[in-house]
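Shared between the two complexes below is subunit A, which pairs with subunit B and subunit C, respectively.
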Partner chain A sequence: MDRRVYVLGRDSAPQYLRLEAGEELSMTLVIPPGLSGREVLEVDLNGPGASLDLSGVYVCAADERVDLRVLVRHAAPGCHSRQLFKGIVGGTASVAFDGLIYVARDAQKTQAYQENHTLLLSESARVESRPQLEIYADDVQCSHGATAGYLNPDELFYLRSRGIPEAEARRLQMIAFLAPVLSRLPEELIEEIHAGLS
Partner chain B sequence: MNNDVLLDIRNLHAGVEDKQILKGVDLQVRRGEVHAVMGPNGAGKSTLGGVLSGRPTFTVTEGSVTFDGRDLLTLSPEERSWAGLFMSFQYPVEIPGVSITNFMKAAVGARRKALGQPELSPAEFLKLLKEKMGMLKMKGEFARREVNVGFSGGEKKRNEIFQMAMLEPTLSILDETDSGLDVDALRIVAEGVNRLRTPQTAAIVITHYQRLLEYIVPDVVHILKDGRIVRTGGRELVDLIEKEGYESIDG
Partner chain C sequence: MDDLIKDLSAQEYKDGFVTEVAQEFVPKGLNEDIIRLISAKKGEPDWLLEFRLGAFRRWQRMRPPYWGHLKLPRIDFQDIIYWAAPKRPEDRPDEIDPALLETFDKLGIPLHEREVLAGVKPKGEVAVDAVFDSVSVTTTFRRTLAERGIIFCSFSEAVREHPDLVRKYLASVVPVGDNYYAALNSAVFSDGSFCYIPKGVKCPMDLSSYFRINASGTGQFERTLIVADEGASVSYLEGCTAPMRDENQLHAAVVEIVVEKDADVKYSTVQNWYPGDAQGRGGILNLVTKRGLCKGTGSHLSWTQVETGSAVTWKYPSTILKGDYSSSEFYSVAMTNNWQQADTGTKMIHLGRGTRSRVVSKGISAGHSENSYRGLVQMGPAAEGARNFSQCDSLLIGSECGAHTFPVIRSHNPRATVEHEATTSKISEDQLFYCTQRGIAAEDAVALIVGGYAREVLSRLPMEFAVEAQKLLSVSLEGSVG
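And now, the complex of A and B:
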């Protein structure tokens, strides 16, 4: 499978992609700490059996403004798309996530999933998540979900009760939260993101 | 001899928000002793464990707790751990994304740093990990698993005792460690606890049932009812509860 990683502000990421019959793509977008901006991505699943595994991670711990817009269009039957976007928002940063899954009338047997989860570190951090489904076929499996929450206090207490200082315990929780997306990245990039968490 | 008192709880009152749960608990634990705190549901057993380990949900309104000569109630949860206190949770928390190895590396590392001990080399840490896992009959893959994620009730409790073995506490509090355990798991857990017993250390076993106390034999038994210790005695108290229930003991 084609695996691509784009660090926004550093790599030039595509804004439009088209997958033909049977093509498989795994793609991960990284929004590193300190970066503000808008990222728009459209993917067309244009041939039967195409498959997209799309992930994204954002770490906005200060005053960043990030606007993410993702459109995945299922135009052909039997295509799969799976999206997982996770991020941490702290300080006075604000993130907007717009995710639309469009399933055309002919795209029967579509499987399309989208998840967006955000960990908020402060009262003034903001996230607006707008997952949307627009479905014109009748034999499909589609779902989307979005959550936003704070660090789990029971986890934090458990870690501290084992002697892990509060700041380090929080950091461990953040690393754990991002792990499903970070595991797709090369080691040095993982370390760079870990270092940006505090 | 007062200096071998490891834990000294005096007139402890504590609760959540406006609800008083502990209403004047007195309890002294000496080095080398195992104490059982037994009581019916709602007596305040888990509150006692929570207050001792520093769970932020509980507020102490009166009384004092001295641990190894220090005022325990002023210490943060991590400082209590460094001071040698360990609590085995009734409901161990799942931490997705954190492996047992990384969890223990962070815990052991922080403790050694706080105590001014040199850092363990990766090889030394691995040796320690394997030794303690062996003691609790845990398989190699265990170290790579995420903390408590997908663990059975027995595995979670065994993991608690494993952490206890790794951290070598002076005082261990086992909060309802027997709940959810089958006989085999119970035996492994009890064996682990018994092997960690030394003349310098002590344990408090908090439990509703006498079952665990067949394997971890207490020196002193306390009955906690409605936030107070209403009776203190030896092992015969366990048999009395078994025969006649908590009703028979007046508060």
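And now, the complex of A and C:
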């Protein structure tokens, strides 16, 4: 499978992708701390049996403004898509996630999933999530899930009661939260993101 | 063949008859004189006329909302009669026209208190406010309710008898300029229900409003205001039907609910306006603004809606959770068939600390219909410890329909939790096979599966409503399988 990683602001990430019959693509977008801007990505699943595994991670700890827009269009039958976007927002940063799954009339046997989870760290941080499903075929399985939450105080207590200092414990919680996406990245990039969490 | 289809679609909507009754109308069209005329006909005080005119001037500067996932036919607001009422016999103005009694009888709405008391309808008592076109025909059980200090009457009466209450709460939840249709309603609203539950009173029976459109070429613009004072509780039901016509009729209502400290309001709707025929001709355009304000600490508001009718539904019953530790729920089943379009959902605006909300929405689309869930969950900066859970499922029956989900989650608080999930799927072959293999006909099997799918919402409805809703679902599904 084709596996790609793009760090926004460093790599030039594609804005439009088309997958033909049977093509498989795995792609991860990284929005590193300090980066603001709008990222638009549109993927067409154009041939039967195409498969997309898309994920993203954003870490915004200061005053970033991130606007992430993803459109996955199922235009052919029997395609699969899976999306996972996770991020942490602190400081006075603000993140908007807009993700649409579109399933055309003839795209039967589609399976499409999308998840977006955000942790808010501070009073002035903002998140707006708009996961959307627009479906015109009936024999499909589609779902999306979105959450906005905060670091679980019970977990924090557990770690601190075992002698881990609070700041370190919080960092561990954030690492664990992002792990499902981070595990798809090369080692040195993971290190870099870990270092950016505090 | 065409006749057959016509027959079938005629059968499907059993409440599509027209009542022959002498009616009076105001002239067609909308301008300040019409508003003055409506206001004069209702004998309204000056402040209300000013309220209407203000709303009208505001409305003229507004544009209709375009963001719905709907194809709305162009509405000519000058081609609508804004007020229609059955004439009262001049010699006996207090009696209800037997034709009207018969109408509501046919719809299964009891307007005779005696009959209800005698136990003909064994399952509990329900006080009914029956609205026919632009006026309230009667309100039952008023004396029983008045003994406990509960006010339940038509909106026009409330304006006459309790102007201070109406003035205090009118437009306090849905401001005049809230949206295009709310502004229109504020300008021309006809009748509706007013309900006030005083401090600490638990309403002994369900209150209910029943809306009927009868006249042709008219629109219905009712206004409902429910106020539950400190510690009060009430369960309120709303039903509606209309005759079958080839024209689109407009229904633009406003419902406002104020829930004070520790009060509890349960608002249930079974919406069964005429949905249009199998070719998508006619049907009601249901463009409604409903909103509740959980004003006090610990207040609670619960919405339950079953939407099966209307050619177009544009409706978002919403709650503003202002009081600390207030809570709200939204349970919805929206069913569309043939060429119906529904864009419906809820808004939960969390302002107070520790506020909770829960959203369960079940959409079912069949035929050529379009069914959308649209919702907003917002956590304000002060909504510490607030929590929301939303679950939106869509069921598709047939390959020509569409099902859509457009939620917005907005969090401004690092100590609030929002969870949303949505799924879309069709009735699985396995489930169908299981039923048909046990001798259940395919159509019954679908009704059964849909019933199970919608159960979580239907079980929230008061008993009689739940039975009616279940029936409506299976009737609306007729002809959509195979």
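Here are a few things to note about the model shown:
The criterion applied here is as follows: the second predicted complex is superposed on the first by the 198 of 198 C-alpha atoms of A that agree within 3 Å, B and C clash if a C-alpha of one lies under 4 Å from a C-alpha of the other, contacts with A are read in each partner's own complex, and residues count from 1 in each chain.
Definition applied: a contact is a pair of C-beta atoms (placed from the backbone, for glycine too) under 8 Å apart; a residue touches a chain by one contact, two chains touch by 3 or more.
As the structure is a computational prediction, the values presented were derived from the model and not from experiment.
Partners subunit B and subunit C, once the complexes are superposed on subunit A, both fit on it without clashing.
Contact with neither subunit B nor subunit C is seen for A:Val59 once the two complexes are overlaid on the shared chain. Look at A:Ile164: by the touch rule set out above, it reaches subunit B but stays clear of subunit C. When the two structures are aligned on the shared chain, A:Ala179 is found in touch with subunit B, with no touch to subunit C. Look at A:Leu68: by the touch rule set out above, it reaches neither subunit B nor subunit C. Shared-chain residue A:Val140: touches subunit C; no touch with subunit B. By the document's definition of touching, of the two partners only subunit C reaches A:Leu120; subunit B does not. A simple residue count on subunit A separates subunit B from subunit C, and the partner touching more is C. Of the two partner chains placed by the overlay, only subunit B lies in contact with A:Glu155; subunit C stays clear of it. In the superposition on chain A, A:Ala76 contacts neither subunit B nor subunit C.
In the superposed model, A:Ser129 lies in contact with subunit C only, and not with subunit B.
Figure legend note: subunit B and subunit C, brought together by superposition on chain A, show a least Cα distance of 14 Å.
Of all residues in subunit C, those touching subunit A in their complex are 69, 379, 381, 394, 396-426.
Across the complex, subunit A is touched by residues 53-56, 76-78, 80-82, 86-87, 89, 92-93, 95-98, 102-103, 106-108, 110-111, 114, 163, 167 of subunit B.
Those residues of subunit A whose C-beta lies close enough to touch subunit B in the complex are 152-155, 157-166, 168-169, 172-173, 175-180. Residues of subunit A touching subunit C in their complex: 105, 108, 118, 120-123, 125-150.
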